[in-house]
């Protein structure tokens, strides 16, 4: 009997070992990829059915299958702030301009003219149609911009727009008025956040329904949304620009990171987002897959609650900072796929200034602790929610702080509780990230304005003044000087401790071409060309 | 019906159960015969090995842990122990069948009474389903149950009625031998009389031999022509009714009769046999009854008595008569 | 003669426990289960001695090392020794298992006994409330409680306890109802025993068997529930080691560092297996009918 | 029979009401603000407060509960906070997926579990019995998501035979079903074995053998039919369990089931969706339990006679029989 038990256990161990241990050589040549097994029963998304090649030897595919890590609440870019909304809305909508490394390229707009600090005249193309057949006019642009100005999700970007006085001069020109000078506006209009919606469709369907079945001018048209499973877009035949190399885009909702990696390896999907860093190297080595990585525009930081007596004390903040080896935190928490943060905004954003990383000096930390009166030890508290990288940073920091006699407790709460605690300023210490949808310093520092109620709560008027100046000056050189001064000041005050610049990346099959890494994390799908 | 030919002959049969606590010697070298149409009673206290003997004959000893370790069971001259499973199956229900003790649990609760009777008929007689049901109805009437009740279920019948159904099943194919394992013990007295009466009638009508297993000497007196007394797996006394009832030889049999209230003898107190049944795992040496035997002698403790014929057809296994 | 029997009767009482032990010790699988459990309890108690490293000691230049002599089960992504964490994890898992079960068992038995014993309206009310509790999926209960008092051991514990109450209640109610109709219960009632006396002295001892079996099997289930809770992001407060959260966090590293997934998985399996083997053995030993 | 079904359905209402009340209570006391979750953490205080007012989140507990119950009685489960779709639309898309998977899981579990259980009962104390018992135990003890991940790595990645996730065709169902049903197979096998062992020891099995019936028929007709009831109970419980319980596997295999919907709804404090999905799930589970109870009646006549109305008729008939049987007996004496 007993030998039998051992036999059963050995069998289980054996199965798990062969299952997980990857031989150094990549996965066996996957000839019978799933699309070969798809059945006619339901329209299974398959990716490899090359049609007759067009004259320009451009390889076309019927479906581009993209794996996203969560189901978006809505596909209306003005009504959400989660990455999956922007990824799924990108092929449907287009903006007035496109921004290629800081330089504006006319897109839906043919050009613009800054009349004065508060007015911009924008001229539009006249050959653009919405998916519902209506022609795009200035009214749609005005409607979209005013919607952007009033929506709580995009108020930081378009809050400066003067809703009453922005009007359409004629079918093809829009006079955009501002309440106050706002330098990052044009960059915002060029981003995926500045999508132009069909006014007619929005008003007839209503905001919620529109969010579930949006109408835009983009190359792909909304087709179907199967709750919890997938979002299907199909090609828009009256698209004014160049047609994409595929007929449908299918966003498959796959929550489990390892499942996304597996689907990429087995050809179940063509592109997959949020690949966990530990799989990056394997996907790079695998000839059938590629990894598109680069510096993201987000910065992970340790946030002190400066309104609390303990963390409001600069000495304590610095003591904690000296006890943390920022380099080790970044490397370990992100499995080597992040650099130590040495500034307050991502390096690729204009106005970035290298001010750190903070020196790792446990002795100095103990000195400061003693100076602040906590020589015999200090109790600190982290509150966080289930997020792999933030939890990793906190656990590492916790053990580093224990080296200098600071004991910290970690309280895990679920996301909803965390969000309301954050907005009521109840979080003592936590680790968060601050991303930016466009590469502009003002937007990247959106956590700092005084009116924000999150737990940072520095209420330092000097910061607000510098932020306002930065926003209002148009000349780039002056803006950069202001932001550099601000970053020096923040470094001196250390209201937060920058920790890591995580690399971001997404995976794709080897046959996906002309599809490079975009810092904002929302690539342009229409440009994709199939190489095999 | 030539009664001369022996229907059933048991020679030196031993059946033991091999359990973890040790070897249970349930039946030890018993032998007896049964003529066609004859009724023999097999009497003994619980645990004497009566039921094991019955199951031995039917080939229903649960294996593991039970096993026939010796002897022969000749049915019409053929040794059943050597018969294949298939042959045994053909015999069961056709040539010999069994009535179990507790009617409450001997019928399958989820099959109709009619089906359970028809099943044995269709097993042994090549009848169509319709004819089998017809015959089942007849047999049901024979045991005193209206045919309409064929489609009802066991739980809708009283104890007595259920035993009638069990009897119907046993007699459906008019077997040559019925083994009745304490058929009336679970019934109250009035129903008991009816059931015994019914069995005797059917036995006469069909000329079936019966091996009646009971611990009730009164029932044996009414129905049997021969009787064997079993104790600790052995037959200690065997003979015709008159032999055993009128000139009882073996002390244990005397003890049994002593513990029976009888109208004729005016004894104030019943004389129970003291002590308990011996543990079948380690049976006493010599004569198994010696620890409880009132006139036990020294030799009884060491020497096992041999079956001796005291008068024609009357056997006893006791040193006093050797 | 009578004296011998009385004396024999006297022996009978003490051997009730011996009797079960004798039968239990013959069941080899149950003994294997008991052995594993014993090892588990010992590791839990002497975790500090057995574990070579403290469970939260991180070592950044030794991250994700496969099993070696200094790290028997390798190291995790923070360079912590997995063997020590599995050893300390036994403490958490047993803690969760036993405490939540005793809680659930206690409430469940009281509910069940009352429902079974009194029957009628009380029985109906209690059973309907049990249906309600049973209707709410364990996961929903766990998450709701976790978000109220914060995820972690206590919330998993309460969720398991609350959701195991209906099962215990149902088992105990069925057992009580069968026992209640036995003559010896009526006999004791006729001798003037009040209800609570009857429940405690007569009914509980006789329904101990199903309760114990339900408990041993229940502990296994609660450890598994804890594992799925951590999988859904409601696991234990870091850096407390708990097999379930270790397993679910390790799943991202499963491909290249499979050892990280195997050790906690096997630990969970061994514990739950031991509990089931022992539970089954106990049930067979306590159930007289099953005597060989 | 119909009267019994009506009674059972009528009994479900208080239970469902109870469940909705408890869920509402749980949701009421859990911190976290739905309005905040909808507007995102960038929204400022006034907007959040305005939305709370508009959604009636500031009203008293009972006021909201009775409003919800009022809508419920009119068949309106309310609208989901996040997607603004009616709750029923969300559920009606996800429920069939879970139901289909749960059905196949139970079918698979029964097809494999019951025969193995019977086999190990019949061949008790042999090697087959021990192997099945230990494998059954392994099924119960293995954390399901661990087993699921192993299966995906083995069959999708290394062997490439099966797709890794999604439900787009028959081949997509294989891995999820195996991983979810592992525990159910184990439990059904054990129950089948113990209930078969119980039945095999009954007297009527010997009666059947005494009739000269083939052993196979004795086991699979006489024994199995009687052993069905405990097996049915467990199958019912497992089916109800896998309806709501397969959340973890749904996540690994990206199956848009109701389990995952429920979990995400709670995390987003999407009260109407939570209550709606739990209620629908509990209703479905109670229906399954009712169906199983009716199956009892179908299988076991003793239970059937409790329901059937013609009980009175039967008593009369019973009386008559005993009288004339007695007459027949003494007539012949």
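In order of appearance the chains are A, B, C and D, and numbering begins at 1 in each one.
In this section, a contact is a pair of C-beta atoms (placed from the backbone, for glycine too) under 8 Å apart; a residue touches a chain by one contact, two chains touch by 3 or more.
If you're wondering where the values come from, they're calculated on a predicted model, not measured in any experiment.
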Would you identify the chain whose C-alpha centroid lies closest to the centroid of all protein C-alpha atoms displayed?
D
Farthest chain relative to subunit D (centres taken as mean CA coordinates)
B
Averaging only over C-alpha atoms, locate the centres of subunit C and subunit D and give their separation in whole Å.
23
Taking the mean of the CA coordinates per chain, how far is subunit A from subunit B in Å?
88
If you average the CA atoms of subunit A and of subunit C, how many Å lie between those two points?
44
Chain-centre distance (mean CA atoms) for subunit A and subunit D, in whole Å, is 41
On subunit C, where are the residues touching two or more other chains?
29, 143, 147, 251, 254-255, 261, 265, 269-270
Subunit D residues touching 2+ other chains are 30-32, 130, 134, 138, 142, 146, 149, 153, 157, 251, 267
Going by the contact rule set out above, which residues of subunit A touch subunit D in the complex?
1, 4-5, 8, 12, 15-16, 18-20, 27-28, 30-34, 37-39, 41-42, 44-45, 71, 73-74, 80-81, 152-153, 155-156, 208-209, 211-212, 226-229, 252-256, 258-259, 262-263, 265-266, 268, 413-417, 419-423, 446, 451, 453-454
Show which residues of subunit A lie in contact with subunit C when the two form their complex.
1-2, 5, 9, 12-13, 16-17, 19-22, 257-258, 261, 276, 278-279, 282, 328, 331-332, 335, 386, 388, 391-392, 394-396, 398-399, 410-414, 416-417
Using the touch definition up top, name the residues of subunit B that touch subunit D in the complex.
58, 60, 64, 88-94, 97-98, 100-102, 105-111, 119-120, 123-124, 144-146, 149, 153, 155-156, 158, 161, 164, 166, 169-170, 194, 197-198, 201
Residue numbers on subunit C that touch subunit D, as the complex places them:
29, 128-129, 131-133, 135-141, 143-145, 147-148, 220, 224, 227-228, 231-232, 244, 247-248, 251, 254-255, 261, 265, 268-270, 272-273, 276-277
Given the complex, residues on subunit C that touch subunit A span 28-29, 32, 56-58, 60, 63, 77-79, 143, 146-147, 150-152, 233-235, 237-239, 249, 251-256, 258, 261-262, 265-266, 269-270
